[in-house]
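First the structure, then my questions, so here it is.
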Amino acid sequence: MFVNGLFCKNPMTVTIDDFVFHGILTPQSTNNAQGSKVTQVSATQLPGLNTLGVSMARVDFGPFGLNPPHIHPRGTEVQTVLEGTLYVGFVTSNQPNGGNKFFTKVISMGDIVVFPQGLIHFEFNIGNTPAASLVSFSSQNPGTITIANATFGSEPPISVDVLSKAFQLDPKIIKYLQSTF
Amino acid sequence: MFVNGLFCKNPMTVTIDDFVFHGILTPQSTNNAQGSKVTQVSATQLPGLNTLGVSMARVDFGPFGLNPPHIHPRGTEVQTVLEGTLYVGFVTSNQPNGGNKFFTKVISMGDIVVFPQGLIHFEFNIGNTPAASLVSFSSQNPGTITIANATFGSEPPISVDVLSKAFQLDPKIIKYLQSTF
Amino acid sequence: MFVNGLFCKNPMTVTIDDFVFHGILTPQSTNNAQGSKVTQVSATQLPGLNTLGVSMARVDFGPFGLNPPHIHPRGTEVQTVLEGTLYVGFVTSNQPNGGNKFFTKVISMGDIVVFPQGLIHFEFNIGNTPAASLVSFSSQNPGTITIANATFGSEPPISVDVLSKAFQLDPKIIKYLQSTF
Amino acid sequence: MFVNGLFCKNPMTVTIDDFVFHGILTPQSTNNAQGSKVTQVSATQLPGLNTLGVSMARVDFGPFGLNPPHIHPRGTEVQTVLEGTLYVGFVTSNQPNGGNKFFTKVISMGDIVVFPQGLIHFEFNIGNTPAASLVSFSSQNPGTITIANATFGSEPPISVDVLSKAFQLDPKIIKYLQSTF
Amino acid sequence: MFVNGLFCKNPMTVTIDDFVFHGILTPQSTNNAQGSKVTQVSATQLPGLNTLGVSMARVDFGPFGLNPPHIHPRGTEVQTVLEGTLYVGFVTSNQPNGGNKFFTKVISMGDIVVFPQGLIHFEFNIGNTPAASLVSFSSQNPGTITIANATFGSEPPISVDVLSKAFQLDPKIIKYLQSTF
Amino acid sequence: MFVNGLFCKNPMTVTIDDFVFHGILTPQSTNNAQGSKVTQVSATQLPGLNTLGVSMARVDFGPFGLNPPHIHPRGTEVQTVLEGTLYVGFVTSNQPNGGNKFFTKVISMGDIVVFPQGLIHFEFNIGNTPAASLVSFSSQNPGTITIANATFGSEPPISVDVLSKAFQLDPKIIKYLQSTF
């Protein structure tokens, strides 16, 4: 059976360990194509978060690693840089005059940046050493949608005609893109 | 001065015309690159919607017109096809196993489709005659972010390095893309 | 077992058909005393609406058909006229000075009217041809209470003394009214 | 200028008197047609309630006084009988099978009854001595709509045709009703 | 199984008795150390309150009885004095300049006082006769935390070092305090 | 003028600097009686947080420094240990059987602990070196109430009679306590 969110634990058997998570400051491997790794800490990993409207994550960046453009459909993100220097940014929504503004900054250890709910944003490690961030969300279940993967790597793929027209790209490039995701 | 949302009108001067909007069934020109046109009806156009948690829109599609992949960061969309036949779809969020599923269907006059909050979705007129839809949102101010425009057409543009890595595309193609938006 | 709202479907078995409803533009029979028919599209009929804060309906009107005065206790309604000409209105709540204002207008195909949450409203087809509307609600489960039926046709009936005093009507008329519902 | 709800007071000038209301247990005159009187205590009368999601009221009933059928469009009501014996009830919303159920009970001093949000309800003093209640609402601004007044006493009046059809009453009776409110 | 809040009753078997509670005006024994007694009326005692965002309580005070300093972590309280004279107050939260203001007043029968969500408050019967209050909360499940009991009477006890430092009290006094709760 | 929350900035003049805060990893002086220091990062310090339902803070602890027992009346706290070893805990609310349970643990660098909304909690540096934490709240404006200060250090002070009875302490000790805050 499924409910909106999660079932609760029996309050009689809850312990402090339901409210504690270990290892959020432990670097994770970024040995992948984008050179970055997101470690989620939501109610699945930390049951005490259930119903409380907040969740966490850690992001590791290898040298020149990228947390590629993505959105959180159900929450605002607040990211704190623990280590390294990041080129970050978000793009505002469509507006009758002058939307899709790109807000960007190079931030480093000890800086906090806000990515408002649902806006496309990314973080790019512009240094040749690892970087890492701690992330807070205004939701127990913010969700994540990586733009490139959801657009070009869905299963099954979106029609080439649609993507070719949307991105004004030759169908061959779309097919190539779909083959890489 | 600005508040969260909008200021209210003086209740003493409100009339029925603040609660009525005209012309939502009037076809609009789709003479543009994508061959589609969105007409919004939110509290700006229909003041009586203010504070009430719902808004509307109309979408016109020319022959083979596309409402390209986009998201609404603050609302769920329910779309009713008024005329024509549309190939529609949305992509689910990232999941540890098997996310980014593409849910798709060809729908036609009299069909309703739900696009859950924040998910990437599109509608494509697969007929050589005009099509049109009526749209409802679960928010007074759902917002819209067109993926291609926000990604490749922001002002100023996102760094070519970031987009090249995110989309695994040659920087020349990224630059070409950015030049077209 | 019952929860606030509805249980969710197993996400592993959800398909696009959970997000699509057919036939909202199909006229329905209005062969009844009021000459109108409401067809609901909420999470029962369209499971993909569950937890998303919005639902739909269609209203058919025969010639001079009436969707009689009613309220939605948990949602605002936005009604779009698809066909015909309707005399619509809502009445504001009690106020120390000058409440119970009747806001009214004759609207026709392509007009949208807002009925704010919980206010008494109605729609009357003033033409001798059928009319029809598409309705959006700011709630998954807005509910409907038809004033005349709930007041005079409840099961069991409300005491004649109460209704006679409330409506300042002779008890015989109240009894007659209760016998007709 | 108007905002959703009310502006706040300057926190520097707020005193305990903004959080205290006097006289809620003082009987009020019920010398009117219905023999009942509602005294509201919301943020207008008790500024400290602003933004806090709750408000209060007192209801006085003369002998056989009636708080006639009404709804609160934005809140649930909890009523505590302070004195006397009341015949109370509410009617459930329309349902495909068997809605508009009348839930009713005779309650007296020390009883609490819940009237869920937006449902039609009333309280009738069935004794020949005064009665009184204390009321709590789940909203800062629940609103009140007296069914008979909003239906037959709006300004301007609702069309006789609509009410005649809705209540299945002779137009003469409707006109008579409208003349009495 | 547990959900956020409570499971609902089967709507087919619900009766008016699920919406009625008896005896809220019946004095309760205050024969205990503090000379006060709280009687809760939430969805456990009055099932019809479930999901509706409001709950109730009664407080009895013996002569010089005290409802000791406490907080409600999930709701605002509105308290109506039914009988007697109370010295009541609440303390505002920390502020950069001048927080922890004590707002206080002597109130008596017929007075209403608001205790905003989460603030420390108390009520003290300053008369040598019983007093009583009726309480409304802006939440189905506001919760209660008695400051002295939670601080000095938890099970197991909080470390003496922590409390000694926090209250700037000799560890012997802390141990004495912990022994009395 | 004051609204619920804060006025918004003019969207035309907003820049990336409204979404960035510097120095959250910079140690702050803990040279005070409790040996700890809280640095808030809410919409006042980081305007981009306005309306987005989340805020941050940093806590510095000197050797054996204590963030004394306190509550956040409007939010859940998630605390991540950046450095050092903390003895932390929270106390559950009153319950008919067995409330005021003390949930406690010694946590260290890289651990996350959840303090649910409104519960009394504290953090104590049990090492002789500095410690520090990063904190996220599920609210733009969670507020903080330090138990000892609000109870014994309010301005003006709470009556000695009330505190003496509540804490079952000799009035002389209460007066002594009030003199130290």
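Should a chain be cited, it is by its letter among A, B, C, D, E and F, assigned in written order, with residues numbered from 1 in that chain.
What we mean here is this: contacts are C-beta pairs under 8 Å (C-beta built on N, C-alpha and C of every residue); 3 or more make two chains touch, one makes a residue touch a chain.
These numbers were taken from a predicted model, which means no experiment stands behind them.
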item	value
Pair with more cross-chain C-beta pairs in contact, given E-F and B-C	E-F
Chain whose average C-alpha position is farthest from chain F's own	C
Chain located farthest away, centre of chain B as origin (C-alpha)	E
Separation of chain D from chain F, taking each centre as the mean of its C-alpha atoms, in whole Å	42
Approximate Å spacing (C-alpha centroids) for the pair chain A, chain F	28
Chain centre separation (chain C, chain D; CA means) in Å	22
Length of the line joining the C-alpha centres of chain A and chain D, rounded to whole Å	49
Residues of chain D engaged with two or more neighbouring chains	1, 3, 89, 104, 116-117
Arrangement of touching chains [line / ring / star / complete / other]	other
Full enumeration of touching chain pairs	A-B, A-C, A-E, A-F, B-C, B-D, B-F, C-D, C-E, D-E, D-F, E-F
Parts of chain D lying in touch with chain B, wherever the complex brings them together	1-4
Interface residues, chain C side, partner chain B - complex	15-17, 19-26, 41, 46, 48-49, 52-54, 56, 76, 78, 80, 82, 89-90, 103-105, 107, 109-117, 134, 136-138
Complex interface listing, chain A residues touching chain B	33-34, 66, 68-69, 71-74, 87, 89, 91, 93-94, 98, 100-102, 104, 116-120, 122, 124, 143-159, 161-163, 165-169, 173, 177, 180-181
Sites on chain D touched by chain F in the complex	1, 3, 5, 7-11, 50-51
